[in-house]
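Which chain is which? They are A, B, C, D and E, in the order written, and residues in each are numbered from 1.
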Amino acid sequence: MRRIFYILLSNPLSVIGLVLVGTVVFSAVFADFIAPFPSHRGAVVDFSNFNQPPHWPNIFGTDLVGRDVFSRILYAYRISLILGVVVLAIAVPIGVTVGLAAGYLGGWTEFCLMRLTDVFLSIPPLVLAMSVMGLLEPTLTNGMLAVTTMWWPWYARLVYNVTRSEAQEGYVLAAEIIGASRLHVMFREILPNCVPSIVTKMTLDLGFVILIASSLSFLGLGVQAPTPDLGSMVAEGGNYLPDSWWLTVFPSLAILIAVFGFNLLGDAFRQVLGSDQ
Amino acid sequence: MNVLAKTAAAALLSASTLALMPTGPAFAETVLRLDEVAVGELDPAKASDYADSILMFNVYDTLVVPAQGAPGLVPHLAESWSADGNSHTFKLRKDVKFQSGNPLTAEDVVFSLDRMKALGAGLSYLFANVDRAEAADENTVTFVLKEPYAPFVASMLRLPIVDKKLVMENLGDGDGDMKDWGQAFLSANGAGSGAYKVTAHNPQQETVMAKSADYFLGVPDAAPDTVRLRYGLEPATVRTLIAQGEHDISSQWLPPEVLKALSQDGAQLLTESGTGGFYVKMNTTKAPLDDPECRLALAKAFDYSAAIKMIAVTDEISQGSPATGAIPVGMLGANPPSNELSRNLDEAKKHMDACRYNVGDQNIEISWIAEVPLEERFALLMQANFAELGIQSEIKKMPWALFAEQVSKAENTPHISQLFVNAVTGDPDTLLYGMYDSKAAGTWQSPEHLNDADVDKLLEEGRVNSDEAARSKAYHELNNRLMAIAPSIYGYDRQSVFAASNRVKVPALSDPSKAFGLDGMGFTFRLMEMQDN
Amino acid sequence: MSPVVRLLVKRLSISVIVLIGVSMLIFTIARVIPGDPARIALGPNATTEQVEKLRDKLHLDEPIYIQYGYFVRDFAKGDLGVSLYTNRPVTTDIAQFLPATLELVIVAGMFMIGLGIPLGIMSARFRGKAADNIIRVISLLGVSAPSFVWAVILMLLFAFFLPLFPIAGQISDTLPVPQRITGFLLVDSLLDGNFRAFFSALHHIILPAFALALSGIGQAARLTRSNMVETYDKPYIEMAQSFGFPARRIANRYAFRPSLIPSLTIIGLDFAAMLGNAFLVEAVYAWPGLSRYGVQVILRKDLNAIVGTVLVISATFLIVNIIVDLLIAYINPRIRLAERGGS
Amino acid sequence: MSEFLLDIRDLKLGFKSYAGLIEVLHGISLNIRRGEKVALVGESGSGKSVTARIILGLLQEFSTARISGSVSFEGDDLETQPLSVRQGLRGTKISMIFQDPTSSLNPVYTIGVQFQEVLRRGDVQISAKQAEARAIALLEDVSIPEPERVLASYPFQLSGGMNQRVMIAMALANEPSLLIADEPGTALDVTVQAQTLHLMRDLVERKGTSVLFISHNLGVVREFADRVYVIYKGRLVEHGRTSELFHSPRHPYTKALMAAVPRITGGGIPDIAEATDAYLDPMIDHEAEATS
Amino acid sequence: MNDAAADIRPVLEARNVSKVFMTATHEVKALNAVSLTVSRGECLAIVGESGSGKTTFANMLLGIYPPSTGELFLDGDLLPARRTLPLRRAIQLVQQNPLSSLNPRRTVGASLRLALDVHDIGDREGRKTRIGGLLEEVGLPADFADRYPSALSGGQRQRVAIARALACEPEILVLDEPTSALDVLVQARVLQLLDELRHRRNLTYVFITHDLGVVRNIADRVSVFERGNLVEQAGTEEIFERPANAYTRSLIGAIPIITDDEEALRKKVMEKNSAG
């Protein structure tokens, strides 16, 4: 543990990542307390103060119906994080099971599962999510479904590759020779050794889920108004460029900061956990 | 590796020199560039929206056109017309040739009507009443109606005449004698007699049109030589292009803030005053909106002045003016401008109390059309307004195609839909019949699914009566009835505002004495003037 | 049969299987969704009879596997149905719009490879030093924003505030469009000998391609770096160092090429992912490509067009992957000369 | 000019880490005369490989490494030399042979290409044709049949023994005065290892190359080296002429090491006690005693 | 050294065992009609260089894959292609590389416990003490059960691997180069441990190695494999004093040696080689 902290804290980039992620998570969790206008997460209209550039107390300006952009960004973080966590909570177990089974059992199991994975992987991720999302109703639940559909194959791929190399390791042979069941070998012997790669990827992916979800919303396939969503904010604000720049620039920066933070942290984990072995 | 680096370096190098290269026009002809959000439908029988209309009015001709700066119709392809009971006879000009060189005859008019009715798309419902058309001779054509229809002649504005010979030469695969009625051909090519002919059509990008040299009315030199109608440009793109002098006329769908910014940058604002309005439509078959009291409550709770504020572009120009009732000001049967609708929360609450539903239990779905960003703001406005009555609501964004599909069934139609509707011929019948007649329920115009005997009766009266005063009375009564049962919230009377560069002069959109009383006619390119610069 | 040919045959056959899977998947999604495709196709004013007639014609009342059968039959005839968005056969639309997207993606791919890989090499060579940290932050930033954010930002900076580049479209509208030969404007204009058009097209493509490439550049740099750093731990690098080869030569020659083999697969995937991200960039730059078409048809639930677009994009994706595999086989002598097969 | 080709004095090495400075070498001094084959023998982790890398200057590039002491080559203290000079020695005056020949050759280039690069280090002007001729001659020196075929091959196409010979030929291609051999052939089969070692010994003797031979295998050291240094946990514990040292090991650690090697003459498995503090006793230098 | 030859009945027998592997392009014959027996309590060394087939043979003993042709017998019973749990339990393995043979993410105790759980040895309570006992039997403190392999030295890990194999209470241990990754001092101690365990538990060893020095000191009999063929088989002393096969002699000739006695022996063997 000491070593892990040492490595994390000795690299300024990791520290920045930690700070950024901490800020984002903190904002999302305590949005109710931080946001100067908590009611602006919903359908509030205030035509006495609409489309205003940054000023006090609307430090990021107001949108076209007079809502505080800063407050909405905080709530948008909340939605993004929920989406990211839910997507990963579903996609990771599916992908991991598929990857373990394909990588360890081999043969026809491997062929069928990996071809299935290939099918999902050969539709560019965004296109797949868009198709699912576009054909269903654009809601948060469907958004999660769409992003999950495109996400599990990556874990299947990752775990498959790790499993294939881990299966060559002596401890797997040892367990087999002792007579351990296949399930034991897969989940108790191999899986723990996939955990570092999975955790690293999950950290990076929390950022990328936010990114993809915002891309979907950008195309009009995301969370619906009045729920605050970073991608939709950029997309809608984009209509008013360059005059009402604050409508686009701040949500864009918000995406950048969150994803950047998760990426830095993911990199740090990769460094720490990668050198663990 | 080195090869890659060199390629990249070369690419960058050329990129930097490129920025310095002049990209002026290659030849000295005038180009008009405008845009629309939707793809223009080239097939005139399928035309229905604004982009389609622009194409139709320039590539094709109609028997009559609206008078400029005044109500009524003036001859165009037809020299004169007369009515005899349910049959209308038109005398055609003899000097008109299609762009193909084929002469335009009565036979073409008959073909155009048959085709329109056979395809059953676009605005063909305007001709549902027409039993048949007959060509008495080369230049005489008679339309026979099934029943009296007062605005029939006005509906001729929506019957573009198609070059029969050319279409017959280009029939595609299909069943029956007429195969596909030339749909494949006409979706990519023009077959009209209009002042402009289609030279290229890319649904993703643009339709390019060029002056037709031997138009029967002639085309002034000042009119643009080439017109590029671009599709689907982002508002920010249009805003920048106009500011940089690379675009001429924006679509009317630019948000007011963008129009404002452009006008501050020195762009001119063009207007097309309305034959239509912004309607907030309520599904009268779904609880709680099946109770008129509840609908009235919503109508009273709607903040009309906030809506007007939202659409203001400058102090003088707005995308709309306050509504006075179901019929826009200036149209037959409309209330005077002084009768502005306004919000009254107390009355709204009274209506709410009279409503048989308990508001707390109700959740209302407010939809908005994805292609029109402004509607989202109205959705938010309504959500806030209705919340003051204690009504919960959720906002739903709907792409146009999905909306049009869902309204076909009353149970799928959202509680609240927002629509911009206009009279396609300028006559109130073409505005109101499609929206409120019980027989017309379930089209995109009628998400109210209204079924009201009084309304039906008054609509019929307005339709069959040929006497102007009697029609006016019928439409006034209809207006009152529609206010009383409130199938819709009448948001505001609509006016289209376009931002335009100063390279172009469009009298029909800037000079009220030259204005046509019909949406889209203002974009008659031959009447525009390009400035040299 | 040479190993490379064997690899090609194997990859092609797997691709066909995958493509069949993709078509089933997307076809199923497209058919089970709520909404009546016939109603959507005919538009708001159609009568019930017209809708019924079209339902019948489209076999919409048959079980889904029968419908799929019809789809496969039509597909074999090169018929993907008619798009409601453009009212034209989907194949016509795809043929018209695909080249613009490919052109954009290929140019972006050149940026990705031409900038991303050299940055990655530098980063790996100076690992742990300031140059490495700077490059890592830059590439991480590139990865950390979706292409639409970059598209908007670049447009704001270099088309609006600093009007160096055009803001929309594929070529200046004052120029006649070169005769369509390949569909690629850059190629066609050159074949035409029309250099004005060529430079205009190049001028138009740089900003969108760069916006599209930015995350790819970051990705390629990161990947190249991490694989090279791993390669730096290999004994043959130490051996090269022991022979005193200059650090730069060791980086560019000894460490880079072996590390390119694992990198290429992922770079290939990234390249293909740009096909998807093109959706975002084409929307911003009004680029008349297949992705923009894809967004429109998805928003409109234009089923034939969705199925067609997704199939074509997936097929392109698979082809890119096959090309990448062949490239790897070319670079990796172990595959090219594989005589020991599975050992 | 010093009598020693290589003279290491009080070399210390530590690595900075989260747990503070970890000392790896505690001040070792060793030297090699011209034409002499000197072995550095010890267990894994004893510090023998890092010593080789310090001589080559490879370790100096790590920011966490802390090095002190002096390394003189041909009389010049390398630490005071500019980087370019030190780098210039590599592959020309000093070269190295690594443990696993197959993974030490670049997998994506043919032997011929790699050979040519090595020859260019010695002679920048050399043409491709000359390089090939020279490479063929060098490969023949290490008894490689069909050198042309080997030059056209990739490392994975050749056996480990063949790659080992290639590596030896490369290392000696520019006629270095010092060859560092780090556990050569450990990854190979015993018969192959024996053959290549003989071959290498003959070659360096013929060319008069000095060798620093790093190994954990006492048997191999006994057959190859003139002199032996025994290293234990970063300290030299015993030093002497090979025959002397093997005949009468005196340091407790050396003795244990010798005892632990199973003999082919039998005698059962030796009983080896756990490590004792005696292993850290001061160094016993047979030579110093002999001269004094 | 030859005291274990008392029990004559073979515990393990291979009859004409061959193994052919298929690659994409051609067949590789890894083992060619090998027949041999191992007596109870004996240590049989299988000696050969890479590609000799010695590992293939071990893998078939362990049931990782079946022979292509030929049969294997345990206590006179034919070993089936799919092993039952009791058959798996009877033959256990100690691998060459202690770094990879222990799961880095599981504690030593968990690794040992697996064997007890799978074969249902002892009750839940008893397993814990049993694990401690096993560790102590291989010379490690019982509290090592809570450690992860990364906290152990190479020799300690190999001891854990041995304890794990013993946990199954096998009859036969297949030792696949068990000490070749270890330093010479550690090797000696591990070999010592193995020798003790064999006698204490009356185990049968199949000792696979290329190190003839080790063989000389631990094995009762030696089988020499060369390219899939069993080329020579004899008592250990016999092999070293009077090797019959040229390949065996070249192996002996290649061993690095450190004493003059050994040199003399090697010289004797090599002379025979050049003579015969």
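Remarks
Note that in this section contacts are C-beta pairs under 8 Å (C-beta built on N, C-alpha and C of every residue); 3 or more make two chains touch, one makes a residue touch a chain.
Keep in mind that what you see is a predicted model, and the values were worked out from it rather than measured.
Shared contacts of chain B and chain D, meaning chains that touch the two of them, come down to A, C. Contact tally for D-E versus A-E: the pair with more C-beta pairs in contact is D-E.
Chain centres here are Cα averages; for chain A and chain D they lie 51 Å apart. In this assembly, the C-alpha centroid of chain A lies 22 Å from the C-alpha centroid of chain C. Chain A and chain B have Cα centroids lying 43 Å from one another. In chain B, the positions touching at least two other chains are 234, 236, 240, 370, 399. Counting partner chains per residue, chain C has residues 155, 160, 257, 283-284, 299, 301 touching two or more of them. On chain C, the positions that touch chain B within their shared complex are 35-36, 39-40, 42-47, 50, 84-88, 93, 96-97, 110-111, 113-115, 117-118, 121, 155, 159-160, 163-170, 172-177, 196, 199-200, 202-203, 206, 252, 256-257, 283-286, 288-289, 292-293, 296, 299-302. Chain B meets chain A in the complex at residues 234-236, 239-240, 255, 257-258, 261, 306, 309-310, 370, 373, 376-377, 379-381, 383-384, 387, 393-397, 399.
The touching residues of chain E, counted against chain A in their complex, run 62-64, 83, 85, 88-89, 91-93, 95, 97, 100-106, 111, 114-115, 118-119, 161, 164, 168. By the touch criterion given at the top, residues 2-3, 6-7, 10 of chain A touch chain D in their complex. Looking at the complex, you find that chain E touches chain D at residues 1, 49-50, 183-185, 187-189, 191-192, 195, 210-214, 216-218, 237, 240, 250-259, 261-262, 265-266.
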